[in-house]
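Got some structures for you, see below.
Here come two complexes built around chain A, the first alongside chain B, the second alongside chain C.
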Partner chain A sequence: MNAVDAALMVERLRVEFPVLGGKPKVAVRDLDLSILPGEILGLVGESGAGKTTLARAILNLPPPPGRIVAGVIQFDGKDLLRLSERELQSIRVRNISMVVPNPRGELNPLVPVGEQLASIARVHLGKDKSSARAMALEMLRAVQIPDPERRMRAYPHELSGGMAQRVVIAIALMCSPRFIISDDATSGLDVTVQAQILELLSHLARKQGSAMLFITRDIGITAHFCDRVAVIYRGEIMEIAPRESFFLSPRHPYTMLLLAAFLHNPQLRQAWTHPDASLRVNPDAGIGCAYTYRCPRAREMCHTIRPPLAERTSGHFVRCHFPLERE
Partner chain B sequence: MSVILEVEDLYKRFPVSGSRRYVQAINGVTFSVAAGETLGLVGESGSGKTTVGRCIVGLTELSAGRIRFKGEDISRPRARWPRHLLSKIQLVFQEPGESLDPRMQIGRSIEEPLLALKVAPSERRARAADAIERVGLGREMLELYPAELSAGQQQRVAIARAMITSPELVVLDEPTSALDPTARAEIIALLMKIQAELGTSYLFISHDLSTVRFISHRVAVMYLGMIVEQGGVDKVFAGPRHPYSAGLLSAVLLPHPHFSLESNIRLEGEIPSPINLPQGCFLASRCPLAIAHCRQEMPPPDNLGGGHIVHCWRHRDVAGMDRASDTFAEFQREAERILAEQKPTASICNLEGTPDG
Partner chain C sequence: MRLILYIGRRLLFIVPQLLGIVLVGFLLVKSIPGDPAVLMLGPTATPDAIASLHTKLGLDRSLPVQFWIYIRNLAHGDLGTSWQTTRPVLEDLVQRFPATLELVSLGLVLAVLIGVPLGLASAFNESSWLARIANFYGLGAGSLPDFWLALVLIFIFYTTLQWVPAPLGRIDLSLVPPPPVTGMLTVDSLLAGDWSAFRSAVGHLILPALTLGLINAGPILKMTQSSMEKMLQSDFSRYEVLCGMPHRLVVRHALRNALPSIVTIISVLYGFLIGGAVLVEIVFSWGGAGQYAVQGVLNSDLYPVLGFVLFSAIFSLFVYLVVDLIYFAIDPRISH
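Up next is the complex of A and B:
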């Protein structure tokens, strides 16, 4: 894909965590990813797969003690990994923003939410006091907070979890960013509230024309809110495809395992699980396929040769020597 | 099937410190569990489902109501139960990491429930070894510490500890919520295997409807401390009669872009505070079907037959609005087709991951 077309392009990104007296642990392994303008890309993975590390690395804020050791993050003609902290600060919030879970931890407990919103408009958009306030009110209305005039004066502890998450979304969208990263933003919410928040987030992103990297543990969400879906396992993209192709003809054994978790047929669930999958751990040697030790299809070469992320059908990429063949 | 647990008109309120008000956590809950049966108790956070579980195992004292286990009254703290019942009812918590003592070897944690039963040390160790094998872990793990295990393995240990006293009823409080989807599927399969072998009854508390549907025989839907609908799992999931059940179901996201459970019933807003309970039906403020009568009078239970009970003035209209087809079942058929298309191990390899010639 051409760098000019993409809203954001990650190339050969590698993030490592130092290990005392040992080789560093690779959290994101030479990862390539590009997201089109206005596109919502779902990124699914289990805990420890490197989702959050990737999200933070895109903002050039790898979670300490992690370090970005290689790669390029192309945004707006610039490589975010080569910018000064000052240049980065103006890009974060204004052009790229992030929505995280645990909304109360993100909000300042001592400042009314209206003021928190208005200060963003003043600092980042250079608005004066009254138009910043008007913008904040409009944003609270956009995220469908009932009685927004009154809520402007509310402190974060006076809001329910769902309301606080709406405020965090309002903050993230305040500057109409071209790129939004949602990192498990709905994981702490109840299902009925989650559905409302998801709809709101995708609706506003589409309305503003923002591209979004939607990170989640729940593969079900991506089937309904994303244009393309990627699966990440141990810091590598294993499969990435347009939504229909991904769910109607999944090809990677790991994707099959994730989908099989929804099945009621115990034989089929079993079929995609290695007999003692949870008891086996891959040696982190960096050679061979990362999924080998949990894969029911693994053969000799899977242990020694790392498969490339290869395009199998149009736009459908799979990192597997023996992907499922489909007509 | 014989009933082993009966919960009758259970109430629980907690005083709010610094005021004379109360959190009304449970407001008149009635249900039963039969031998060898799984009852799924579903609801959002704050619905009181965990408190119901804790009252049953005697960790929380109830404010009113009656709980009976095989006819014996257990409506009091566990410390005052007759000794022979202590082994019969066990609890598994949501966070396996928090329910295991980090300084205690796995084996010691597993045999701990036997201490109260005054079982001899040698027998304790033998039973711990059996228990850990039953949950699919090796005996060598008895000597490890919780931090050395994955979350899924820790939850297996917690299940082994609950099963070591051969309980007849296990209350499982969100046992899979903290786990990744694949570990979740393994734990569910394990619980079902244990039930098939030993005939244990489960009260499975969860907010995850797809898991509940998979493991339960019957389901009870809780909202603000009340069971608003209960019945056979197929009945409630295929044709929910309470707007809240319908709303919960429509929020489930199945991993297939063509299968959406969206119904005409969309719930607005969030769960009200259990300190100031609304008048009339608790759902009225969020319910698209609410009429004036709903805001004045609490709907009585209406028995639709076959144990399907619903508390709603307008449940007949709900039945009319909801699609008759069972999207869950359709999704299952389609997903099975996608996943069965190729046998994962067919001819390509054997399970050991070694080349097959």
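Up next is the complex of A and C:
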């Protein structure tokens, strides 16, 4: 895959969080990732794996106090990490947008949602006041908010969680961006609403032809929506593969654990958990494999040599010295 | 409609609130040691004379009875008589309260004009030179005593530069004060079209008001800075940045969210300064209500103190009502 084809390409991205009087904590470790135009890439990992940090770092806004210390983010022939604040402003939402979790906390509590949508159209699409409002209304309709005329005047606290999520999706899709990041967009919603929202989001993204990085903790969701699936563990991609290959022949021990957990299969889960490691952490991250201390298959070399993300079969990359063989 | 109901309910509660405040004030003043009869008659008074004055003043009755009598008189608009000025307290306060109000209001306006912009500037950019000045200023304003600053200002602007009239009272003694309408000399002189009186009143007002302004800009600055910083780091501000909104717009939205806490600190200062400006009043011989009340406390003069408590309580309740209405206008969440 080369830079010209990809909608967005992350190269050797490293994000660190300073630690008072110690070595900084690495949240995203020299990560490479590229996403094709129109592709939906699922990114799965447990909390603290660096999913949100990665998502925000792509927009050059790592969550404070995190800092991007190295890397390149190729988009549209430019490196987003080397653009001025003003240039970034014109790309955010306009070309790369983000669907955030917990949207009721993310929307400005004192501004009616219609106005928040309309201001996006005014700022990024140069619309005048009335056509911006018309567009906002149209977007509320597109995300299937009931009674959109009335909701235009509603304040965020007057919306349900599901409706607020739809508003955030409307904002993310408003400018038909080429790239959408969905960061755990449905975490706070109940299951039926979750399914509707995801259906809507992927439907609209496909309709617009936007590529999407779909971040979630729920590996099951990715089976429905994603063209490719990646697993992230402690800031590193452990496995990345086209959907069929990923689910039919998972290769990484951590992926197996995630799948076992998703299937609620205790035997399988036990088989893929290190016998005496409930949640041990590799004290010397960066030298050996990050997963060694939880890995039931770990051997001597796993502690000393960091495995590369290697292509095992076509398009199926695994970061493991001893990946599972196809059965 | 909901607003009118709300205001009505608030006004309804004002009477019991005031009664409570007067009761507490009454008990506190009564608990101050000192016998007004002894102070009034002087050191040579006989016990008989003191006893008869006690009866005359009603001091021989029980505390609840005394309080009941005070409340009954209050209902008829009688706030009692000050034995020091030998005038009805209501008359004294009507004259002096506007003087304090005028001073404190202008002082607070100056404090807002200094504190809010500096606070905003330092919240935008923590490393700018303006932010450093603001930090230094916030420290200084919090630690300087107001009467000392008043004396420094007098030294600079009166003694040395001679830009302002002598710090004695509210207007030149040689001038005839304008006929009282509001009791505030600047306003009254404008209403009367008396320019020389207006100039003199402003000249007298500017230094004490500046003193209050410079001192009280400190807390306003700190509050503006901290609530603005909090809002700029909040999820919704970060989301607006994420959405590529221009800095200007993000700041304006954050300011709207920070406004309630800024308004709160201003209103608290306003109520506090009615009595809290007393040292500045003394330095400038202002003859305001705070000075009047302190004299009352020092001389066991009960009624001026209670009258002052009542006046400032009414004023504070009014300020808080206005503040609640401002919240109403700013934040749609409150009206639900």
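In this text, the second predicted complex is superposed on the first by the 319 of 327 C-alpha atoms of A that agree within 3 Å, B and C clash if a C-alpha of one lies under 4 Å from a C-alpha of the other, contacts with A are read in each partner's own complex, and residues count from 1 in each chain.
The rule we apply is simple: contacts are C-beta pairs under 8 Å (C-beta built on N, C-alpha and C of every residue); 3 or more make two chains touch, one makes a residue touch a chain.
Remember, it's a predicted structure, so these values are computed and weren't measured experimentally.
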{"item": "Chain C versus chain B on the shared chain A, clash or fit after superposition", "value": "fit"}
{"item": "Chain B versus chain C as contact partner of A:Ser131, first or second or both or neither", "value": "neither"}
{"item": "Angular separation of chain B and chain C about chain A, which is computed from CA centres of the superposed model and rounded to the nearest 10 °", "value": "80"}
{"item": "Which superposed partner A:Gln89 touches (first chain B, second chain C, both, neither)", "value": "second"}
{"item": "Contacts of A:Thr192 with chain B and chain C, given as first, second, both or neither", "value": "first"}
{"item": "Contacts of A:Met98 with chain B and chain C, given as first, second, both or neither", "value": "second"}
{"item": "Which of chain B and chain C A:Arg299 touches, first, second, both or neither", "value": "first"}
{"item": "Partner chain(s) touched by A:Thr313 [first = chain B, second = chain C, both, neither]", "value": "neither"}
{"item": "Distance in angstrom between the closest Cα atoms of chain C and chain B, superposition on A", "value": "10"}
{"item": "Chain A residues touching chain C - in the complex, by the definition given at the top", "value": "56, 59, 61, 64, 85, 88-94, 97-98, 100, 102, 105-111, 119-120, 123-124, 155, 157, 171"}
{"item": "For the chain B and chain A complex, residues of the former touching the latter", "value": "44-45, 136-138, 150-153, 180-186, 189, 192, 207, 209-210, 213-214, 247-248, 250-257, 260, 267, 269-271, 332, 335-336, 338-345, 348-349, 351, 353-356"}
{"item": "Touch list for chain C against partner chain A, complex", "value": "233, 235-236, 238-247, 249, 253, 256-257, 330-333, 336"}
{"item": "Residue ranges of chain A in contact with chain B within the complex", "value": "46-47, 146, 160, 162-163, 190-195, 217-224, 243-244, 247-250, 253, 256-266, 268-279, 292-293, 295-300, 302-303, 322, 324-326"}
